[in-house]
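Structures incoming, each one as structure tokens.
Two complexes follow with chain A in common, the first pairing it with chain B and the second with chain C.
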Partner chain A sequence: MSTRIYDCLKAIGEKIIENKDFLTDLDREIGDADHGVNMARGFQAVIEKVDQDNPDIGAALKKTGMTLLSTVGGASGPLYGTAYMEAAKVFAGKTEVNGEDFGAALDAAIAGIQKRGKAEKGEKTMLDSLIPAKDAFSEKLAGGASLKEALDAACVAANEGIEFTKTIAATKGRASYLGDRSIGHQDPGATSLTMTLETIRDFL
Partner chain B sequence: MKKLINGVDNIVDEMLDGMVAAYPQYVKRLDGFDVLVRADGSEGKVALVSGGGSGHEPAHGGYVGKGMLDGAIAGAVFTSPTPDQVYEAIKAADGGKGVLLVIKNYTGDVMNFEMAADMARDEGIEVEQVITADDVAVENSTWTTGRRGIAGTIFVHKIAGACAEAGGSLADVKRVAEKVIENVRSMGMAIDACTVPAAGKPSFDLAEDEIEIGIGIHGEPGVNREKISSVNDIADKLLDKIFAEGIYGSGDEVAVMVNGMGGTPLMELFVANKHIKEVLDGKGIKVAKTLVGNYMTSLDMEGFSITLLKVDDELKKLLAAPADTPAFVQV
Partner chain C sequence: MVGLVLVSHSVKITEGLKDLTAEIAPTHKGIISAGGMEDGAIGTDAIRISEAIRQANDGDGVVVLADIGSGVMSAETAIELLEEEDINVKFADAPLVEGTIAAAVSAMVGSDIEAVIKAAEDCRGAKKIL
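Take a look at the complex of A and B:
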């Protein structure tokens, strides 16, 4: 029987692979039509390469990050790869997830993405879903909510983040070349990020 | 989608093996990686390494050889190669005198190449980088990712490659590469989009009488869509944007590249070049060298880009130096 963390990563992978064409079509509107294809290739490798028997969450996340880094390419590879590898540090040696660690992992992922991508909130990127999700998560958790309830709030905020990306022009990534023509389209990275959070919520 | 392929997953792999089969005298493949390096090695000289997504052939593997690149990494179609691949290319190309990375300015390329450069530096390899950003279709602003690197990158390969071949130090090679980058500008257009094999459909839709001005080289839509006009009018539009940079004036000397996007007949590129030459003559700009052909393509896209490089004596000499690569031979 495989471990919980493996099953969770596999569920994320299957969600991404299932939405390969959808994510690619979103990218076709404002980017270069490969987000779904690249992410699906990366998560196919994650499903194959992550150790199914090791319950160490940190080890599984680190392997996920390194695998994405070496298989996805483009901007998503370094960004998602960095996010998973930074989150891995929070969970090193741990086999259980609690709210505090999950929040710290989101913080670490955000910091890693910002350092690598030099982006801020409001630039039509995955951060427009991830940062509000983290804020909603922390607020809910501080109010005494469970991990699952806090993740519910995070997913609502992440979806609002997707809607927000429709209203703004991209200033980072390939969509920035379109200028104001990127307005009206949702960001593919914010979309795949939200799918990730939703899958984790549903898995818990 | 109609493509001459065996399957979308193996295109890059099969292409690289096919290139090695065609040009064993120029290139060899790094075992297990999507990397081509010089067959004769790069010992004792500064190595030039470039690369990017595939789909731009002959860029970049076609420019591996004497007087140009020492290594080229091929990513998936239109997708930056990953850091581990770039790192292997740096290690293999390094001839002991350091490595200059020539990176086209895209978010992913810059991130992946920089991560690889960090890894190589940890191993004690001297690595420097330059970033090409010649596409004037994109506004150069701190609020965007900045201009894209497109066909002008080939002039960086040629000129910095000649400097390295002549024994230039890493600092010299980087300096001339940056001089090219400062003086080169490009702009492109498409009359029809390209089809990424794995996506299976055109990257944007154009009506029968529509063209897209200011396209990049990845099937990303351009900055302006309009009705088709004569190639002279279209070339004027591209040149106007390039001239608006204020770099090129009467009395200057330039190198010209009329670059096909992959699906455009050479006949049409030469027609465009006739007009470009006339416009430059009219402005009192001397043409030191002209390249017409498919140098930096975008799969099967129909369209072209114009590149102007202002040259001084140093750049002219390096541009005229011999080169011997699969896609660029100059005696």
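Take a look at the complex of A and C:
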């Protein structure tokens, strides 16, 4: 029997692989039409390479990050790879998840993505879903909600983030070459990020 | 001698640039083409780049050059992965082709890593038609 963390990462991978064409089509509108293909290739490798028997969440997240770095190929490789590796530090040696650690891992992931991509909120990137998701998560948790309830609020905020990306122009990455023509399209990175959070919520 | 690691989404770009550099800076040693993915596909791989940095290092340090987009992000990630190791590795914020040639010529004559980076970065904004 595989561990909970492996099963959760596998569920995320399956969700991404299932939506490969959808994510790639989104990226075709404003990017280089590779987000779904690249992420699916990366998570296929994650499903194959992460140790199914080691319950150490930090070790599994670190392996996920390293695998994404070497298999995704496009910008999502270093961005998601760094996010998972930073989150891994919070969970090093831990085999259970609580709200406090999950919030700290989201913070670490945000900091890692910002360091790597030099992006802020409002630039039509994955951060437009992730930062509001983290804020909603922390607010709920502080109000006494459970991890799952807080994640529910995070997913609502992440989806609102996707809608927000439709209203703004990209200033980072390939989409920034399009200027205002990127308005009206939702950001593929914000979309895959939201799928990730929803999968974790459904898994818990 | 300061080593060089070349990063691009295309392995043909970095292989071609390595060949060109060998012509122009023939006595430079330690230039590694780290473009593309392991299987030759278009993309960049931070793990592959970090291995290239180890390979390019003879103790005098390594300068990494990249072309566009996430090649830069993967190069920076690769450098961070080596933080714990005793390798003096730095990214040169320079155009890949011009910067690599300048860096190789500088390294070939025995410059230290800072001088090699400066030679590469001095190519920024160089005019081609005066």
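One rule holds in what follows: the second predicted complex is superposed on the first by the 204 of 204 C-alpha atoms of A that agree within 3 Å, B and C clash if a C-alpha of one lies under 4 Å from a C-alpha of the other, contacts with A are read in each partner's own complex, and residues count from 1 in each chain.
FYI, contacts are C-beta pairs under 8 Å (C-beta built on N, C-alpha and C of every residue); 3 or more make two chains touch, one makes a residue touch a chain.
Since we're looking at a predicted model, the values are computed, not measured.
**Student:** Are chain B and chain C a fit on chain A, or do they clash, once the structures share the same frame?
**Tutor:** Clash - chain B and chain C, as placed by superposing on chain A, overlap.
**Student:** Considering only touches as defined above, state whether A:13 meets chain B (first), chain C (second), both or neither.
**Tutor:** neither
**Student:** Considering only the touch criterion stated at the top, classify A:116 as touching first (chain B), second (chain C), both, or neither.
**Tutor:** The answer is both, since A:116 touches chain B and chain C.
**Student:** Given the touch rule stated above, what does A:132 touch, chain B (first), chain C (second), both, or neither?
**Tutor:** Neither partner.
**Student:** Quick one: classify A:72 as touching chain B (first), chain C (second), both or neither.
**Tutor:** Once the two structures are laid over each other on A, A:72 reaches both partners.
**Student:** Classify the contacts of A:173 with the two partner chains as first (chain B alone), second (chain C alone), both, or neither.
**Tutor:** In the superposition, A:173 touches chain B and chain C alike.
**Student:** Identify which of chain B and chain C touches the larger number of residues of chain A.
**Tutor:** B
**Student:** Using the superposition on chain A described above, determine whether A:58 touches chain B (first), chain C (second), both, or neither.
**Tutor:** neither
**Student:** Which stretch of chain B would you flag for clashing with chain C, going by 95-103, 185-193 or 293-301?
**Tutor:** The superposed arrangement places chain B into chain C at 95-103.
**Student:** Please report the chain A residues shared by its interface with chain B and its interface with chain C.
**Tutor:** Shared contact residues on chain A (touching chain B in one complex, chain C in the other): 38, 69-75, 77-79, 116-117, 173-174.
**Student:** Which stretch or stretches of chain A touch chain C in the complex?
**Tutor:** For chain A paired with chain C, touching residues are 38, 66, 69-75, 77-79, 81-82, 116-117, 173-174.
**Student:** For the complex, give me every residue of chain A touching chain B.
**Tutor:** Against chain B, the touching part of chain A is residues 24, 28, 31-34, 37-38, 41, 69-79, 116-117, 171-174, 176-179, 181.
**Student:** Going by the contact rule set out above, which residues of chain C touch chain A in the complex?
**Tutor:** Result: residues 9, 37-38, 41-48, 69-70, 73-74, 76-77 of chain C touch chain A.
**Student:** Which positions of chain B touch chain A when the two form their complex?
**Tutor:** Listed in rising order, the residues are 53, 75-85, 106-108, 111-112, 115, 137-139, 143-145, 148, 196, 198-199, 203-204, 216, 218-221, 223.
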